[in-house]
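Worksheet: one structure, shown below.
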């Protein structure tokens, strides 16, 4: 490195190298986090959240018992309930298999709610379905890239 | 689960985590990761999520076996 | 029309389409961005790529490089996906949805660039991919902090002014979009001179420009 | 502040240190160390009863480990 | 209900022994003791038929892990 | 309190005898079921133990054998009586197949232990005593001193032969 | 709950500082990929701290986005370095003959019961493990076509939810099944991508 280079030239040499990009970005993130750390303790948790959890350890659907009767309206604290006229139907729905599980045993709540129906399906498919559209598209695109490169090189 | 049990199993998990960092041998590291999971399993059981525990305890060994694919012994100690 | 807290979001509301909790909308500003993105997406669909011309030194001969049709199809697919993601990011009315669209723009940009066999170009695409993955911390983290501190993700609520969004969340969002949309600033170096396929490369530039404009609007309005 | 949460935070920090500065600075050492912050996240999810997320996370960890193993074994074979 | 405290204490003891031991082959038996203790704890914590399946799944899983580690340590399958 | 401790100790001795007998009957100390078991045996021998005892310890580590069968059978009896023990035996069988174990020591041990544990619950023992007792029993084999335990097992193995 | 959130944020901030410091010092590209995996975990912690059902529904897409980006970037890395599949005898241990059949059966069956993202990932773990240990026949095209159709089915289900909400029941069933198929198919392709397969 020649000694008579100005400091700006040196910095621009570092920045212009692609290999240093990751380190630069990481450094920037560290700076933001350190500055943010000053304000972090003052971030108050808003107690009025959407889709709040209510736990009922006695229920057979334990971590995911959100109440409601199947094929009836269930109050779900969505952002805009009027946009999803059938919000709550999926939450309360149990397939025959999951109904049988719920009647039989006490510790299968996660399996029951992952089976079609339940609060998570309500959010993922109904009220926030667009998120899931984008997400599956990302999966599609990423695997498109991977399989294109894989096949080209093999 | 009362306080004493919490402390005991937390101790198991912490011993595993710290030793996984400090071990230099690759098999030692893997064993220590297994110990961490041993400390965590009772916490899942105590909350009553048994189906999750079954699934997780079958998948964690699969992860370990996948890592073992690149752990051939000839690369290092005698 | 709906029970939304504000009917006036970034100018007079032109059109609203509700997907459950995610209410997409057009304001004059985003409509302009949308039309811009739409034009380039259509361009990517209909255009034929330019062919690069190599001159042989010491003579008058020149030849055009052969464009691999497989590569062309792949790049066109990626460019269209990138355009669609940009369109989505322009109109969405939800912070988390916006971050997802931004990630999709990032990954399609990787795809457009990574299609080349040139090692330098691949290296640039790889470094950019690492940054785009790192950017998921600020992006998702920013959206998560917005959710935790205000209790909502909808821009219709957040733009009203009643909610105090923490500064760190805004900084995270900007940082995240910087990571996802950083591509043109250095891919350009490796890319313009060494690779063919101009309209698709253009898509990289357009999408990141529009992402920046959009995130600026979001951060200022919150 | 449940015990799971506190334990999860401690293990997360230990794991980040372990993965950031693994003791033998090898690919394998770092890959194994990456499991530890994963367990920290698992405990934090457990503390908030996010069981579906926990289950998905463990599955994704296995698959991403496989992806990384594939890259590492090719890299080591090339050396 | 002293059994569960006894089992938990044995788990800690075994974990410490496994950490202190240097040799991989001699480490694994200590881990095995810890797995016994944890599997017992799962059933002792929750008296439910599914807890039995969970304990068996944990035990089989960790045994499989130990088996795989030991076999890799031994240099893989002897062929031919 | 003291009575329960006494029960646990008695249960430990009973299950120790049970699983060592079954394992030696099924010739576990003879050869390692998988290469990992042989490696553990070599390391234990290098640490001052006996080879055949070490082989048996390696087999215990590498596959659910009679000791695991006893533990799970005690758990099964604790949660659901005799049927629980038989379910535990089935689970041990699946575990044996997963772990590339050719033998049937685990399954046999589980079935035997089911009836033994059930019998003792009729005379004042609790099934939990057997769970804790089995952990203590396995501790004496695997967790205290590998050299001494393997020599002891080797001596028993010579008696069997 | 109220105390836990700021504490969690401080912990994550400390973790980000440590992890990114390691990243700044790291020069090797493969090590950088490994560290980005760490970054994904930290992003998920931030979402998990919100602790509502909504947070959980946000984690699931976040996870899948993370793994697909990791997949693409590692493939770019392999292409960039021009790395080849290792030659020489494949690595075998005994349990790789016995475990995959039973474990993959359990995991795939359980995954199909679960459905949706979770089920897709669990079933894919089983499939990846099976392909890894037992080798595979090349049927890329079939798997990819299946997942393409699954994607289209899911989009159809989305429009049912949005425009014909009265038929929500069919929407749930189609969506659960289609996402299961899609995620599982894509992820199990990873298992076949290791190439070769053991000569058993």
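Letters are used for the chains, namely A, B, C, D, E, F and G, taken in the order the chains are written, and counting of residues starts over at 1 for each.
The rule we apply is simple: a residue touches a chain if its C-beta (ideal position, glycine included) is under 8 Å from a C-beta of that chain, and two chains touch if they have at least 3 such contacts.
Here is each chain with its UniProt name: B = EhaD family protein; G = EhaG family protein.
Given the structure is predicted, the values throughout are model-derived calculations rather than measurements.
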Point to revise | Touching both chain B and chain E (chains) | key: A, G
Exercise for review: Indicate the lowest number of steps between chain C and chain D, counting one step per move to a touching chain.
Suggested key: 2
Review point. Between chain B and chain F, which partner chains are common?
Key: E, G
**Study point:** Greatest separation from chain F - chain, by CA centre
**Key:** C
Point to revise | Pair joined by more contacting C-beta pairs (A-B or D-G) | key: D-G
Study note, to complete from the structure: Whole-angstrom distance, CA centroid of chain B to CA centroid of chain G, is 21
Exercise for review: Please compute the C-alpha centroid of chain A, do the same for chain G, then give the distance between them in whole Å.
Suggested key: 14
Check your understanding: What is the distance in Å between the mean C-alpha positions of chain F and chain G?
Key -> 39
Study note, to complete from the structure: Contacts with two or more other chains occur in chain F at residues 34-36, 94, 98-100
Review point. So which stretches of chain B touch two or more other chains?
Key: 30, 37, 48-52, 55, 58-60, 62, 65-66, 68-69, 71-72
Point to revise | Sequence positions of chain E contacting 2 or more other chains | key: 4, 24, 28, 31, 46, 48-51, 53, 64, 66-69, 71-77
Check your understanding: Mind giving me all the chain pairs that touch?
Key -> A-B, A-C, A-D, A-E, A-G, B-D, B-E, B-G, C-G, D-G, E-F, E-G, F-G
Study note, to complete from the structure: Given the complex, residues on chain B that touch chain E span 1, 4-5, 8-9, 11-12, 15-16, 19, 25, 27-28, 30-32, 34-35, 37-39, 41-42, 45-46, 48, 50-51, 53-54, 57-58, 60-61, 64-65, 68, 71-74
Study note, to complete from the structure: In their shared complex, chain F is touched by residues of chain E numbered 1-4, 6-7, 10, 13-14, 17, 23-26, 28-33, 36-37, 39-40, 43-44, 47-49, 51-53, 55-56, 59-60, 63-64, 66-78
Practice item. Show which residues of chain F lie in contact with chain G when the two form their complex. Key: 34-36, 94, 97-100
Point to revise | chain G contact footprint on chain A (complex, rising order) | key: 19, 22-23, 26-27, 29-30, 33-34, 36-37, 40-41, 43-45, 47, 49-53, 66, 84-86, 89-90, 93, 97, 111, 114-117, 119-121, 123-126, 128-143, 145-147, 149-150, 152-154
Study note, to complete from the structure: Listed in rising order, chain B residues that touch chain G in their complex are 55, 58-59, 62, 65-66, 68-69, 72
